[in-house]
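Provided herewith is a single structure, encoded as structure tokens, for subsequent inquiry.
As written, the chains take the letters A, B, C and D, and residue 1 is the first residue of each chain.
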Amino acid sequence: MPEPRVITFREALREAMVEEMERDPSIFLMGEEVGHYNGAYKVSEGMLDRFGERRVIDTPIAETGFAGVGIGAAMVGLRPIIEFMTWNFSLVAYDQLVNNAAKLRYMSNGQFTLPIVFRGPEGAAHALGAQHSQALESIYAHIPGLKVVVPSIPADAKGLLKAAIRDNNPVIFMESETMYSLKGEVPAGEHLIPLGVADLKRPGRDVTLVTWGKITHTALKAAEALAADGIEAEVLDLRTIRPLDEAAILESIRRTHRCLVVQEGWPFAGIAAEIITLVAHQAFDSLDAPPDRVTCLDVPMPYARNLESLVVPTPERVVGAVRRLLGRDDAPPQPVIAVRGR
Amino acid sequence: MDAALLLGLYRQMCLCRRFEEAAAKAYSQGKVQGFLHLYIGQEAVAVGAISAIEETDYIVSTYREHAHYLARTGDARGAMAELFGKATGCSGGRGGSMHLFDARHRFLGGWAIVGGHVPIAAGVAFASKYREEPDVTLCFFGDGTANQGAFHEGLAIAAVWKLPLVLICENNQYAMGTPLYRTLSVEDVSVRARGYPMEAEIVNGDDVLEMREAVRHAVDRARKEKLPFFLEAKTYRFRGHSVADPAKYRTKEEVQKWMERDPIGLLAQRIQHLGIANEGQLQALDEEAKAQVQDAVEFAEESPAPAPETVAEYVYA
Amino acid sequence: MPEPRVITFREALREAMVEEMERDPSIFLMGEEVGHYNGAYKVSEGMLDRFGERRVIDTPIAETGFAGVGIGAAMVGLRPIIEFMTWNFSLVAYDQLVNNAAKLRYMSNGQFTLPIVFRGPEGAAHALGAQHSQALESIYAHIPGLKVVVPSIPADAKGLLKAAIRDNNPVIFMESETMYSLKGEVPAGEHLIPLGVADLKRPGRDVTLVTWGKITHTALKAAEALAADGIEAEVLDLRTIRPLDEAAILESIRRTHRCLVVQEGWPFAGIAAEIITLVAHQAFDSLDAPPDRVTCLDVPMPYARNLESLVVPTPERVVGAVRRLLGRDDAPPQPVIAVRGR
Amino acid sequence: MDAALLLGLYRQMCLCRRFEEAAAKAYSQGKVQGFLHLYIGQEAVAVGAISAIEETDYIVSTYREHAHYLARTGDARGAMAELFGKATGCSGGRGGSMHLFDARHRFLGGWAIVGGHVPIAAGVAFASKYREEPDVTLCFFGDGTANQGAFHEGLAIAAVWKLPLVLICENNQYAMGTPLYRTLSVEDVSVRARGYPMEAEIVNGDDVLEMREAVRHAVDRARKEKLPFFLEAKTYRFRGHSVADPAKYRTKEEVQKWMERDPIGLLAQRIQHLGIANEGQLQALDEEAKAQVQDAVEFAEESPAPAPETVAEYVYA
């Protein structure tokens, strides 16, 4: 029974990579600044010293190039961990992930497995502007052949990353700059969390907040505020977006009869829409109110902090949505932000 | 001159030619569907190149890869059945003409996004170097690919990491209906190699022996010095971009001129000139190839389609 | 009053481009094979002869390059029509569309408008395999700043493309190889259809089939079969995915009380999920049954025709889904295709 | 030597330097947020280049663009207010340090995806040629950009279509923490130009006059012959990649060596050597620049934040 210690999210990720690389020489880490610079966000700090340039590899600024290199290496049996400095930059390599990584196994009739992890931070940090503040799980989870993991706490980050590295499929693993310094209890040594299993971060009976990743903490803050008001919100952290833990979602909704999805990304055809579709189709009769979602506003991210704070989901917006869901007459009206062309 | 070698190359080139003629016929009969990109006229490139490497060296190619597949595996049945969309195809009928794969023979596709496979080939070469294995990776692509970002990033990485990768540009003068000069600012695609810089050589892609020698040299260097090499093979496709393309953008004269240097004809002349075999003996080899293709067609015809219940298999491992 | 004639979808698109280019010299067409080859699918046939190499421009195989060229040209006042030979190839240019085209206006505080159309065919044709058979509207409609148009008949194709060309925003315009030869009545001359307005392709009272693009015809075939059986299915063709005609969808559902979305693309976080979310949230109480969707199976596209026909939506699958929605005891059971990791 | 010109260039370089020093200070006070990429040490490149072109020529730059913006617009207030995230900023506070725009002055950004703006710059040059206008487009980017696919596609298109585009690579020796040699197989980025091929020249980016002359030559050629030109400016950034980067990957000695060729110091020496102005007069110009920056900071401080109700404006036209 490994005894837990308190470390940061960043250290938990590093520990997962280091432990796996110690275990299996076919695993390597590749990306921009992962080696000599010790990682743009210091996730890989010390790993170059430990494993050397052969296994901790600084790349040119060529995401299509090194994503493709990872795919080719995985085709012949290596197990690459490819770091995107941030997922915003993965868009220049999108074709490699969608047309190559996601399809190889199927179109080769299972002759190849592709044990590769693409990881890095995503979503808004602080005032990084429109091109650097995107939560992109939807455009990856949409693609059959990819798995998508978005942890919310250090222990999950370690357990899920180790599982992702051992998984024989391309795994999209999304972190957050703003969580890297988050501390939490993390089991030392062997600690694996299977992909596709949600985790109940807070039990409740009145409403289910379905969420994942960084925004889980927003949902938890909201649940606390609601509790002070006698409303017991359950917070279900999906941890993995694809495969989706449909059973856990449905089980919870059938208990609480109310569903609010809280996500960071844009609303239109986002993950929340998929979850609401699941719930509306599979748990229709157990719903006491229309399912709803709290998301980023449907706009590119503005730089000015006062605008940015209006765009990203806040505990206040979650609380308001829950109160509307519960039909509290003192609930704030649904905020209407008209976006032309939408 | 090694007689067996020359006759073997001739036999292989005939197999590629007859295979594709049969594929085109099957297409006209609706038995092969989707896009069918014929390699007819370019056979010396694939056959010469692949004859020069070890069985353990890797091959990564495009949607115009029938000949590369045949030269490496000799498996006409698996390829034809794949074109027919049958369960016995080399990709189980799931891939199709553009996506032939054979892991056992280190034939790594069959990719249909222009340039997208170049970084993948670099990755395979990277793996060989990472594991300190002697294998070299051959990457085939067309002239029109030299403007694509993935091509650039693959070459940039191969150059800076010194990967055992031999890049073989099959300059067949056209990208679909577009002659090279209209989209490339240089006459020789190999000029691109100067920017990395990378060793480059232009070779007559219609001369199977010249092709073989050039690849042998490039592969030796890649293997020993772990350095990439860029080979530009000048050749020509006799047919349209795909069987659906009448290729009206080329003059009869131009096509005629190139057909006169038909790589199979050139090799036949040389063989006879060297007195290695006479026309009759060459014809016999061709008949052999035809028979093998006929057998492959029958095999494909008789093979079952993929089982419907397998439609969702192999999405994930 | 322009009198209608019967022409093909292909001719309707060409007519829209030709008329607009005659009207406005700042419009040009750029893409692979659009000129001398007259278009990979002959949509631009004759346009090079008519407008010359200055305005009908063959490009290198460099989608990121010419998509970016279009964006730059639009920034300084030109009105480019950028053709992707197929939308599958747009994935190598995805960053240009998402990070540049969609965000420029917002992050420049409205200093720039971007009047640019990206168009070409998408979706499955016949046995084109995994990399050439993708319906991709979801990954574009997800992005604020982009508009997404997917016409289903020649008249709409002309009217919507003319409107898209005159629109001052980046418009994603998706066609289909399999529809180019489809014939229909198309008004000659000026014929504009505003973006964001759905069209009722068939009225009905028992269920609403929400659909768009090529699959509209699948829905119409299904509606016919259902009618023979006394079930009146309404077929609502969205025509534009973004902006979404929410009012039209809700109005119809409130009449029929049943919603089935029929789309080609993959299910997970697809457009159908967005529409079901809208309906579940805004029309919850008028629903007599859980909203449902018919989509492609959640797999890459197989080459073999017998498998391909299992993957794409068929009238039979739509009919079965409607019968389940109506609770017909003779309805076929929901087909279960287990995809591991999903 | 034109005294007014030299003094003007000096004044501009001081403005850039003082502007960024003030921005760094404001950042440390939490008034400027996000990523802040300083240009300190590279001022001769932007100031020299932009002094050589017409006001009607276009400029496209990166996230390290404060100096390019100032050299083109002189608008310290708009830039500083943008960094402060205020409604009076040149992008209304929506863009931030990495996304400065000024349509009126043909300053077209301010782009933060490495290489992504190169095809856009080619498109602007394309538009000038399309409309038969004489304007040339300047595109600034860094040494680390030369491995990115978008860079390649932009150059390939500019070369084959002969676009009036001047590509200015600011080789400051590092891409973030990575020295050039680790990711580029060549010492000079301009070697890349050989693959297209494209006229290329290496210039001392710390000498504002050499920079100005090189750009004048390149732009003339682009304007008259409608041909792209590749300029590599050798320079150095004195600070980290962004203010968050301590730049431990460089030795004191190396930084010291480059600081001795501080472009502002070099120009000051030359001006005094030529007897155009004495130290006091130069100091006065610097004081002017400081005052302008101080005014800009106050303007930014006092300006209002963007109105909350505008958050969803400008998503669509």
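In the analysis below, a residue touches a chain if its C-beta (ideal position, glycine included) is under 8 Å from a C-beta of that chain, and two chains touch if they have at least 3 such contacts.
Computed from a predicted model, the values in this text were never measured in an experiment.
Chains touching chain A and chain C alike, please list them.
Common contact partners of chain A and chain C, which must touch each of the two, are B, D.
So which chain is farthest from chain B, going by the mean of the CA atoms in each chain?
D
Using mean CA coordinates as chain centres, what's the gap between chain A and chain B in Å?
Roughly 41 Å, centre to centre.
Between chain A and chain D, what is the separation of their C-alpha centroids in Å?
The computed centroid separation for chain A versus chain D comes out at 36 Å.
Give the residues of chain D that touch two or more other chains, as numbers and ranges in rising order.
Residues 91, 93-96, 99, 111, 113, 116, 147-150, 153, 156-157, 160, 182-184, 315-316 of chain D each touch two or more of the other chains.
Do you know which chain A residues sit against two or more other chains?
Residues 59-60, 62, 64-65, 88, 91-92, 95, 99, 106-107, 129-131, 144-145, 147, 169, 298-300, 302-303, 339, 341-342 of chain A each touch two or more of the other chains.
What's the contact topology between the chains, one of line, ring, star, complete, other?
Graph shape, chains as nodes and touching pairs as edges: complete.
Of all residues in chain A, which touch chain C in the complex?
Spelled out, the residues of chain A in touch with chain C are 64, 88, 91-92, 94-95, 98-99, 102-103, 106-107, 129-131, 138-139, 141-145, 147, 169, 195-196, 242-244, 266-274, 276-277, 279-282, 284, 287, 289-293, 298-300, 302-303, 339, 341-342.
Spell out the part of chain D that touches chain A in their complex, as residue ranges.
33-35, 82, 85-86, 91, 93-99, 111-116, 144-145, 147-150, 175-178, 182-184, 249, 305-306, 308, 310-312, 315-316
Please name which positions on chain D make contact with chain B in the complex.
146-153, 156-157, 159-160, 182-186, 191-197
Which of the residues in chain B come into contact with chain A in the complex?
Residue list for chain B touching chain A: 58, 60, 89, 91-96, 99, 101-103, 108-111, 113, 116-128, 130-131, 149-150, 153-154, 156-157, 160, 313-317.
Which part of chain A faces chain D closely enough to touch in the complex?
So the residues of chain A touching chain D come out as 32-33, 36-37, 40, 58-62, 64-65, 88-89, 91-92, 126-132, 297-300, 302-307, 310-311, 337-342.
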